[in-house]
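Note that the chains are named A, B, C and D in the order they appear, and that numbering of residues resets to 1 at the start of each chain.
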Amino acid sequence: MSLNGKEVSFTSSDASNEKITAAKMPYKSYRPRSVSTCSTDSCSSASLSEDDIPVRSKIQQNSSGFSDFCIKDIRLKDFGRREIEFAEQEMPGLMSLRKQVMENKPLRGAKIIGCTPITAPTAVLIETLGSLGAELRWCACNIYSTQNEVGAALAEAGFPIFAWRGESVDDFWWCIEKCFEGKNWKPNMILDDGGDATNFCQAKYPSIFKNLIGIVEESTTGIHRLYKLLKAEKLLMPAININNCVTKTKFDNRYSCRESVIVSLKKCTDLMFGAKQIVLCGYGEVGKGCCQSLKGLGCIIYVTEIDPICALQACMDGFKVVKLNEVIRQVDIVITATGNKNVVVREHMDKMKSGCIVCCMSYCHNEIDVAALRTPELKWEKVRSQVDHIR
Amino acid sequence: MSLNGKEVSFTSSDASNEKITAAKMPYKSYRPRSVSTCSTDSCSSASLSEDDIPVRSKIQQNSSGFSDFCIKDIRLKDFGRREIEFAEQEMPGLMSLRKQVMENKPLRGAKIIGCTPITAPTAVLIETLGSLGAELRWCACNIYSTQNEVGAALAEAGFPIFAWRGESVDDFWWCIEKCFEGKNWKPNMILDDGGDATNFCQAKYPSIFKNLIGIVEESTTGIHRLYKLLKAEKLLMPAININNCVTKTKFDNRYSCRESVIVSLKKCTDLMFGAKQIVLCGYGEVGKGCCQSLKGLGCIIYVTEIDPICALQACMDGFKVVKLNEVIRQVDIVITATGNKNVVVREHMDKMKSGCIVCCMSYCHNEIDVAALRTPELKWEKVRSQVDHIR
Amino acid sequence: MSLNGKEVSFTSSDASNEKITAAKMPYKSYRPRSVSTCSTDSCSSASLSEDDIPVRSKIQQNSSGFSDFCIKDIRLKDFGRREIEFAEQEMPGLMSLRKQVMENKPLRGAKIIGCTPITAPTAVLIETLGSLGAELRWCACNIYSTQNEVGAALAEAGFPIFAWRGESVDDFWWCIEKCFEGKNWKPNMILDDGGDATNFCQAKYPSIFKNLIGIVEESTTGIHRLYKLLKAEKLLMPAININNCVTKTKFDNRYSCRESVIVSLKKCTDLMFGAKQIVLCGYGEVGKGCCQSLKGLGCIIYVTEIDPICALQACMDGFKVVKLNEVIRQVDIVITATGNKNVVVREHMDKMKSGCIVCCMSYCHNEIDVAALRTPELKWEKVRSQVDHIR
Amino acid sequence: MSLNGKEVSFTSSDASNEKITAAKMPYKSYRPRSVSTCSTDSCSSASLSEDDIPVRSKIQQNSSGFSDFCIKDIRLKDFGRREIEFAEQEMPGLMSLRKQVMENKPLRGAKIIGCTPITAPTAVLIETLGSLGAELRWCACNIYSTQNEVGAALAEAGFPIFAWRGESVDDFWWCIEKCFEGKNWKPNMILDDGGDATNFCQAKYPSIFKNLIGIVEESTTGIHRLYKLLKAEKLLMPAININNCVTKTKFDNRYSCRESVIVSLKKCTDLMFGAKQIVLCGYGEVGKGCCQSLKGLGCIIYVTEIDPICALQACMDGFKVVKLNEVIRQVDIVITATGNKNVVVREHMDKMKSGCIVCCMSYCHNEIDVAALRTPELKWEKVRSQVDHIR
């Protein structure tokens, strides 16, 4: 079967969902989720014989006898601790905060429900909050994003963590509920990423909700939900929009993607970047970051952009601004970073040359219309973890 | 135990040898050996139950009944074929050569013994030679460098391949011998990488040696050996020094390392490059390539260099040229690319800050004096594949 | 005489004022004022014998007999026209606007008083306004910033221009007044740069002021004045703050300075940039632009910055962030782009090495404390136009 | 008249010759000749009333009464001395050599005839040779390349200099002869740039020629002449080929042009580089240098190249390699750096868009076929010094 006799290889998670996750940037931390995932996997498979007992049925207990958590496998704790230690070295701000104010316990009295990816960097945040006096219970905001070894290390350290990689949807809500249901536990703050804990709280625990001192929300989705609440006059407490703070928009987006675009594409495809022709759809912070590092590796870059200011910036930065159709037949790689849906559609994909790589750097699942490739005449072949070959 | 209370984490293969291989560049192809390795491993462990039968005792047979080969596991053939297909896309020169002259079989009569890494790119070379009419038998030039899935794909395609990842030294020489011992096989050329096949031929098969039409040698080591033969008037046939050709020195060294330094360090350490202080020892082609991509990712780079022209180039390229001792206390990463031994010694390592990463980009095993860290007061901990933490 | 036996050469206009104008960027256009100036000078001196008649006493008349203007020398008109034509090629936006709406004369009825530098780019603006139907009278906002040849070309084209290079302060206000005093002239808009025309209007022509339809103001100074008026409830009409628009802050500051820092320093000093150590004080848009081009020419760059976000950006862009005192003894060039006063003071200058170049890229006259160098033991020698050597 | 209704503005010296000199790089020093020239001109015209006495008829005497020289105007000496002092700061190698070995006078006995451009940098060389003990007499190798103020400073310092800007051809040879005709002067070395002094010596002073200890030659032309002599067995003494030394090919060509391409184009045209489309013909050292700095200023760059290795390097450095005809209609600037003739011909120029700038960065006068534009239907207009507008 063939798509005009051409092949389009790109990254997809698995046949059952439409997300493109492989080359997708972790929008929350500088660390490619895929890399974390990979580490976990190889470690698990190498050092532990996997059992098939459902996680929620396992006996959960750390070396101190503490058992108020639910994670994949406590035996991964040492590996997870080393991962956290690596992350600590990259997070001098939080580490220095610990040293400076640890003794005063400025967060004493804070009872925080956290709902974020459980990765090494968030573990550094969790342990910092703890060392400053906060009490907390934590779950994952995404069924795929937990590093099991990090969960184990946190559980070993005595944190009530409810998360594992590959939760079912039912598991997902069960974990969130566990964060609300602690013994003598009256949470007064939510640190959310996506708004699920916040919404759950409002729906299921209205008495807790109305007594919250505050909410911190990071994602665009979560922020939209909060604005809805605000409009409906149901947002009763201060909510901090972390999503728009300068250290996220300027740093997380730009500087993180500058590195992760390289690593993710390299990991998935082993291609050499030098002399590759690339079209970058979108010249916002993410696009700017990607262009910078790809330029540094000798790529020939085109940019598509509908915002006139961003388009002008692309020009002034030395990138030719084009329409996607003008270059789609010649490029080796298409990267989307617009935040809009259907930026790359079947019509574009039909014109791509064989082996063209398509990758999504933004948070939108539907920026590339992958569903349009699920047609009978096309054959999907999984060639690597998170990479499909379509012809 | 402690090294002045500091930690030096860097890459080492395993306790039994002194080589630093993790962040070390594949000097022969653009593809980090470590990455290949990893792919192989995870694939093997995921999809096949490993048996412990020694490779040489296994029954070796492909789907056509052909059995003149010795590889790890023929079942890896499909995975290997996809890897080769990926590589083909990156090697338009060879692929175009196949098309242009395939029918004329210009290599008819060539009987080649090959001794190189068995990776996807070399598979493209092997299959090109075959399609142009050459006969060949091939083994690995290094006990670690075989991608087992690529060996399987080549065996499936009918090539007499003798190589697997993790050969013993005895296996290594057995494989080379198998390349000489084919049925009705009168090899007349050697394509060597390191000189082992050439030396073996001269010592064990003098009658073949004296009838060789020619030798191709890629590595510095192999070239040195050929010059010795030449001096002793024992080099009886033309030998082509691939090592010094411009497409190797200018491209392989510079442009490959420009990419692999990023990927290898990222893979091993997950660190963020932006704002990291790095000292690059040596500003030859490898050093120039590394500096370019690291600069593109926002690193602050210092260079050490003893050659005045290269030092001047580093200056003119905007890198401060220093002595290693001037910056050793402040840098986050030390990268060596000099080709000399003992560039980074214990004295330097004692001064590094905690968590400083040390990595070797050149071919020399002893550029970093790792042996000097094998002292009783230092504790080595393996934290990831090919990464040790020393404190 | 000596400053600790060292020499500090930098750019200064002349002994009678404290401004550093040579290497200072034109904050209003992409074109270094110094270059324009130079062109003018050499042209004048080469092709015309300078007379010493005061400009206001000259007979002013163009080839059509029109005489409602006051400029240096109408004979410069052809040279000025070519300069304007050059500028037109660089200003496709305005040129395209002319074509698109010229026939509709959408600015019919607009009676504009303009007070800006009279340069080739502003001439393109002036002629565009005219071609769209506006009536206008124009003067200079700065006694130094007029290109006499451009004034001549505009006068020849029939525009009432009142400006020349080297006006006295009395001339300056006389020229502004001439813009208000046209025959049958009821101005209804002001296009201002610095606020002088606006303030003059409010003070001297209150009846015009209260009937103004609107004001456009570009400079920071002028904006401050408008806010004062607003606070005093005397700003009776809409005023557009051009100063803060994104095409100024992002483009004019960053991309213009990226080029002008190179050209201005090169013009003044003939130095080679490669391998020069430079400290850039301030990493705002101007600093970012300067760093980018200087890095592209192989400079080794340090940054000083007090804003934490900008400092972090400098780090992530690969520039070492330091305190000025840490590097002042070693750098070859000091560039200020902070917008603050006394960033470089005598104490720093006493530590600089001989021949260190000091240059100001921002609009502030007192960013470098030049006055502190007017001490008896220091000898100033003018070595080139706008460059002094101090020892 | 018109060239397909288009305009091609580029740099030409004057109507009487076909050389393009404005944007042409000084291949001998890092300093754009045009800039020097300009400084001289404006200084002369500003501070001195030019007399029309032929230089050779002037009374030549410095403040010490020394008169064995022939220069434009001794009154320029102070200005020239400052220019030399500027250059000294940029030439730490020679300056440090002076300090180290000045006392030993290692060049005692050297009697050197020099024939080079007389610029500030060569003055530093001349004075260094003198301070190390050499005797010398010096003339210009080019009728245009003398900085008169530098000649004056050298004459004031007691050096026998015979050179001025704008020599006639007769003057040129008279000056060379003066270098051979000193009192009690037995030259034993020639430092040549172009081979004119060497050839003159061989033809007119055979007795001096055969006793020469050695020759140093810098230019390609001069080297060709020496090879001819060698072939004819007339090269009786060692001759050093400076032209091919690494510090010239790698540094002078690459790093100097990296800066001078920017400054020269800016000076001639005032254009903004950001977002300009540029085609660079030739990716040798000069081309590489130009591309680097133009890329740093945000240009969109195409490369034409016939050498496969250089073409591959251009690709790997991120520049699209094209044929000139593919991009000639869209580019804003055409830069030649091939060293071949007729790289840009009338056919290309007919296709360029209006206002396209054409500039030659190599040493070849005929790289751009300017003569082909001297046709009746084209009107040449000199718009600035060294810039013509053709339509």
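The working rule: a contact is a pair of C-beta atoms (placed from the backbone, for glycine too) under 8 Å apart; a residue touches a chain by one contact, two chains touch by 3 or more.
In this text the structure is predicted, and so the values were computed from the model without any measurement.
Q: For chain A and chain B, which third chains touch each of them?
A: C, D
Q: Looking only at C-beta pairs in contact, point me to the busier pair out of B-D and A-D.
A: A-D
Q: If you average the CA atoms of chain B and of chain D, how many Å lie between those two points?
A: Distance between chain centres, rounded to whole Å: 47 Å.
Q: Could you tell me the distance, in whole angstrom, between the mean C-alpha positions of chain A and chain D?
A: 58
Q: Touching two or more other chains, which residues of chain B qualify?
A: Residues 255, 274, 295, 297-298, 316.
Q: What residues on chain B touch chain D, complex-wise?
A: Touching chain D from chain B are residues 246-247, 250-251, 255, 309, 312-313, 316.
Q: Which residues, counting only chain A, touch chain B once they are in their complex?
A: 30-31, 35, 38-39, 41-42, 45-46, 82, 86-87, 89-90, 120, 255-256, 258-259, 262-263, 266-267, 269-274, 292-293, 295-298, 355, 381, 383-385, 389
Q: Within their complex, state which residues of chain B touch chain C.
A: 274-275, 277, 295, 297-301, 315-320
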